[in-house]
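As written, the chain order gives the labels A, B, C and D, with residue 1 at the start of each chain.
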């Protein structure tokens, strides 16, 4: 179907989806922690807009609550916490070397294609105008995972993890107008707790190994050195 | 069979009676395990109660088993335990009855022996409670294996037997080698159990349910039947200790307390044989002759290798353990013959061979237990298990020496004792080889017979060595010269067994007649002619073919001895016997170190068969002021050929597998990441 | 019905109360009392279910049937016995200064929190809540794993957190997909995640989506089950956390995750109509089983070793559920019980053993039977039980599993039994030196409460000798739900 | 009843004639070596002399040592009694077949070797060790040889064997040829003749049988020696009656018996002569070449059996 046939808000949603995907790529590429966090917040903001739009498109107003939650958690709270940490631990400018950035980018692109290929059966099924965005959200999830894998700094890994959450939430929104309310709340609660725990862990790791480089957490292994 | 019918009229019983007695035996064994735990702090009372109950259960088992065997009854009961849709069901038929009799009887003698034997542990660091608990469970497990009538309860009892005996082997766990032995034992028991799982699984797959009755009904394609047979052969063979699956046996049997060694070597192996017979003859049914050939060959190999390895041992109990391998080999030869004849529809001869094998089971149980108990008595008295430190015990412990001598003669298969009869029967069966149409079989059976003959001769040689070194000559160490005959119970049990050795050797016809019921129930044919000529003559095929008049032989030996004795009398002027020193070739007095040692005794055979073992022999030249030292190390090739490589491969694999746990979080995550991608790619 | 609420409210209250009590003498008593109360209510709940069959709460939020009622009972029970054990154990830890008061506060509070999340996961009818609770279980335990604040414990905690977090979010994506498939056919999207509702419409749900969803769910929850190659967090978390945690992690959490997978399998199978889910589970099960069996041979840390044995057994269960067929399923369901009972008993014993030896290194634990017979025998018998020796229950379940395997996939049976032997060798080669032999100097008995162990082992023994009718019926009911026909 | 009488009579005759057999061989050997040897009846004198002497017993000797001679001797007698000499109508034969016969001999050897080890001297142990080594190789060969015969006539009962073989018209059985060769070799080894053992020497490096009975004296020694002679006679009888079965009486008619007795005596003398010749022309071999000798015997017997299965059945 042609994008031209859609209403303007829907077109906006699709555009937002594209932007979200782009933000994931930016996250993947970004090496400076503070700007990493900013981009993450931006992604949260994009999702918030998308959710609000969906709420009005489909007239499902409970989505607004989830949107509010997103705004609070993904745009304000978590990035705020992370910034505080980064400042307190004084690792704002900490540039982290990631393996071959170009290669990872290409791999991420491949992931996008792959998730499109995977999402095809769903696409056939869906009646929603925004069905193609499922592929996008899956891509966001996978790229988030790739980010956790390719980053060594704990903070970056957390950001990757949270952007996975973003992808999931986005998927829920665009494919099914969000989950039942009780589940949404539960998930939000979990995310909140997780964020707090991450903060706790940063300090422990920092005090234990003097940095947030998780590759140095490698004492527990079966392979004798 | 008519005879049994006659018996039935004399003793009118209902079929259930035998199995009820057997059940009571199981329960008593269980009691003997548990009851002693209630007075842990009074070890004497503990052992008394335990062994009293154990003996009781043994007698009950022997009674029930003998009843089922003699009266040809088959009883069945179902216990309210087990799986919700499959309760544990027990069944006692003549075959089970026969083995139950063996197990029960030996358990009884062991019980007589045990209380005296374990006295040395009392006050030590080892708890009597452990010993009695697992002894009881061990006996209980063996009884249940024999009674089990469905695969589930069979496996349950089987593993229980293995586990309990493991705890008995590891009982004296302060010595590292005991722990090692126990570990190997349990490991191989587990592997064997796994094979049995598979074997029964195949049968269960083709039949509806686990009950033996259903499995009998199942009809398998020859291929599947052969697969099932292979698994069963390996599984039971592991427990029975056929070459090359025997390695646990010489490790485990010596380190257990001696009365337990007697039970393990004398009885537990028989339980394995029982399982094999039950599986092949009863559950599988239509036998394929190739199976028989395999069993025959493996049996021959076990017999010869077993005795050859035994010849090289100096640890008395380990030597006996290797002889168990040999005797199991002999039993398997008998079974193999029986299977071949069965498959070629010569049921008469098949019955003969089966009877021979069963008879040897009985005999081996008796004399091997006897020998182990004797060895235990020596061990208890002198704390010695190395033959090179023994000697001259016949003067110190006459009763043990006499019983042990009888055991030696029996196990060497010499007339007029029981070992000879069973081997004779096997020979008779083998000599019927030519009636087989197939030339290859006809050629193979004589070879087996030759192996059996060689085995017998070597066994005799080995026990000349054992008796000569241990009981004759001069004491080779101080500890030995302190030894005396053990307590009454220990003497009694040995004497009982010794008398049985003679009895079962002199009156074989009655035994054969009793066993005859088993082939009748298994393959529908018994030996008609075996006891035609009255109780005096054993004529397996026909009087013209072969006959053995055991009582007459015994009688003849006595008479001719008497005659010789009497006739020499007048030739004697005076019957004084002068004592003098042994001739020392004119050099100074002889001492015990001038005697032939066990090593020296076995040396010619070691040179002749040197290709069998892995021999490391070297002489350290004498340093200043010391004697030259002679070192000899003899290893089991099988161990190095099969087991060491397997262990290596497994550790290598483990090393490879351990790389998955490399310690790096991001690697871990990528596992899950790529797993996800892979699966998605697979299903879409 | 109110019993369900009770079983949930009690531990939830416990979280708060204990958080307030903090570390006082009373804390462990309170903890125990609450766990016991939970167990009692669970018992009443079970009786109710036994009386009137499956229960669906009015708001459809909770659903108790034959499948989860016995797991709830099991959870409450093991939670209680472990609470009995954890009292003196943690006292000792405090005494030797490994943990301080605030962490004890955290410990007790989170102990209840963990129980709460697991009971929630079991009793809920809403697959979304199921996900939330399983994730919640991770969050509740993650700080306990790193309770000792050593390098290793923090490393373990972090790995546990990240791996399970990432894994579980895949499960969420799967859940979303299921919901997506559901709302297409079920009016009233609010009900689209209720298991009871989904089960009725399972047949009509779209196969492609469900297959996709199942992959995500399997990888997601499978991470929690500890399936190779998603298992890497498991040995670390078990070996570094406090032993009571290891006991309930191994005994309960893994079961819950597997429970979730199986619940979804119930939906996926009818939707797909083929054996895809089963095959996937069999593959994972076989892999976990064999790898764990091999890895048992390279262990140096006692708790680590037993955690690998947990992986092995979870693999076995997954494999069994994968086979399908009444006998295998019945066996797997039974195995869930006997494994968690036995394994928690083992961990409890190991806890005492490590205390009296003062180390978790197996090379330094020797002659337990001499030093403290009950501990030594407990460990030995527990290991025999877990290794599948009769007359313990594990034997029964494994027997069923094997015979089922031979019936449906004969060629898989030999590797299975081979793997079992390998695993056994790995366990015993390490175990035997620990329990037998001469104890090293300075290894002296500790205050040990072995009752939980004996009770667990007695139960396992009972299940091995005969399975009580009630349980048999529940298992059978679950089997019927899973594969259509039962064994009874 | 007459049968039983004949059996006992036969046994007695053989027992009494045994020394003569040995004496005959000795005498002939000396003649062949151009020596004027002792008369054939010399062994009788030796036995008589020995049985008159005191028994000097080593202090370390045990009851086994004193029992052994009687057991060995009586068991050998029993063995002899089961072998048909001049007639196959032998009720005693039913009591033991060839396998039992071998069993008896083995039993005797068992005690003989034990006696050797009893006193605890190096000699005795050495003798027993060598004895059991040799016999554990010889015995299977012997059994194989017997089995071949047994399969040939489908009976292990000696009288049956001999009567069947005796009644057959002469046919060339490869199996019989092989097995009889094996039998001969075994007989030489078992009776301690050259080239395995040398009955006439007391050189410790070579002797086997003599080493075992070195500690014996008086009547014990006499019994042991006599048993040895009996054994030689027994094997000779087996050889002549199994390989050349003709002439053994099939009935209990006196005429036949006398005739048979003559024939058998002749065969025995001939065999003795052969033995003497062979012992004259060859020397004793080293102990560790004995296995090859016996291995040959074993192979021969096995070949005999094989060729029976392969060439002669159906």
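Everything below uses one rule, namely that a contact is a pair of C-beta atoms (placed from the backbone, for glycine too) under 8 Å apart; a residue touches a chain by one contact, two chains touch by 3 or more.
This structure is a prediction, so every number in the text was calculated from the model and none was measured.
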Tell me, please, which chain's centre (mean of its C-alpha atoms) is farthest from the centre of subunit D?
A
Tally the contacting C-beta pairs at the A-C interface and at the B-D interface, and name the larger one.
B-D
So how far apart, in whole Å, are subunit A and subunit C when each is placed at the average of its C-alpha atoms?
31
Whole-Å gap separating subunit C and subunit D, where each centre is the average of the chain's CA atoms:
78
For subunit B and subunit D, what's the span in angstrom between their mean Cα positions?
35
Using Cα averages as centroids, what's the distance between subunit A and subunit D in whole Å?
101
Using the touch definition from the top, which residues of subunit A touch two or more other chains?
118, 121, 145, 148, 214, 217-220, 222
Expected list for subunit B, residues touching two or more other chains, is 658, 660-661, 665, 669, 680, 684
Could you list which residues of subunit D touch at least two other chains?
none
Check the chains against each other and report every pair that touches.
A-B, A-C, B-C, B-D
For the subunit D and subunit B complex, residues of the former touching the latter:
48, 51-52, 54-64, 70-71, 73-75, 77-78, 81, 94-97, 99-100, 103-104, 106-107, 109-110, 113-114, 116-122, 124-126, 128-130, 132-133, 135-140, 143-144, 147, 150-151, 154-157, 160, 214-215, 219, 223, 287-288, 291, 298, 302, 305-306, 308-310, 313-314
Show which residues of subunit B lie in contact with subunit A when the two form their complex.
658-666, 669-670, 673, 677, 680-681, 684
Residue ranges of subunit C in contact with subunit B within the complex
158-159, 162-163, 166-167, 170, 208, 211-212, 215-216, 218-219, 223, 228-230, 232-233, 235, 276, 280, 291, 294-295, 297-298, 369-370, 373, 384, 387, 389-391, 395-396, 399-400, 402-403, 405-407, 410, 413-414, 417-418, 420-422, 424-426, 428-429, 432-433, 436-438, 465-467, 469, 472, 487-488
Quick one: in the complex, what on subunit B touches subunit C?
80-85, 125, 127, 152, 155-157, 159-160, 162-163, 170, 173-174, 176, 179, 182-183, 186-187, 190-191, 194-195, 197-198, 200-202, 204-205, 210, 650-651, 653-655, 657-658, 660-661, 665, 668-669, 671-672, 675-676, 679-680, 683-684
Contact set on subunit A toward subunit C in their complex
118, 121-122, 124-127, 138, 141, 145, 148, 154, 157, 161, 164-165, 168, 171-172, 175-177, 179-183, 186-187, 189-190, 193-194, 197-198, 200-201, 204-205, 208-209, 214, 217-220, 222
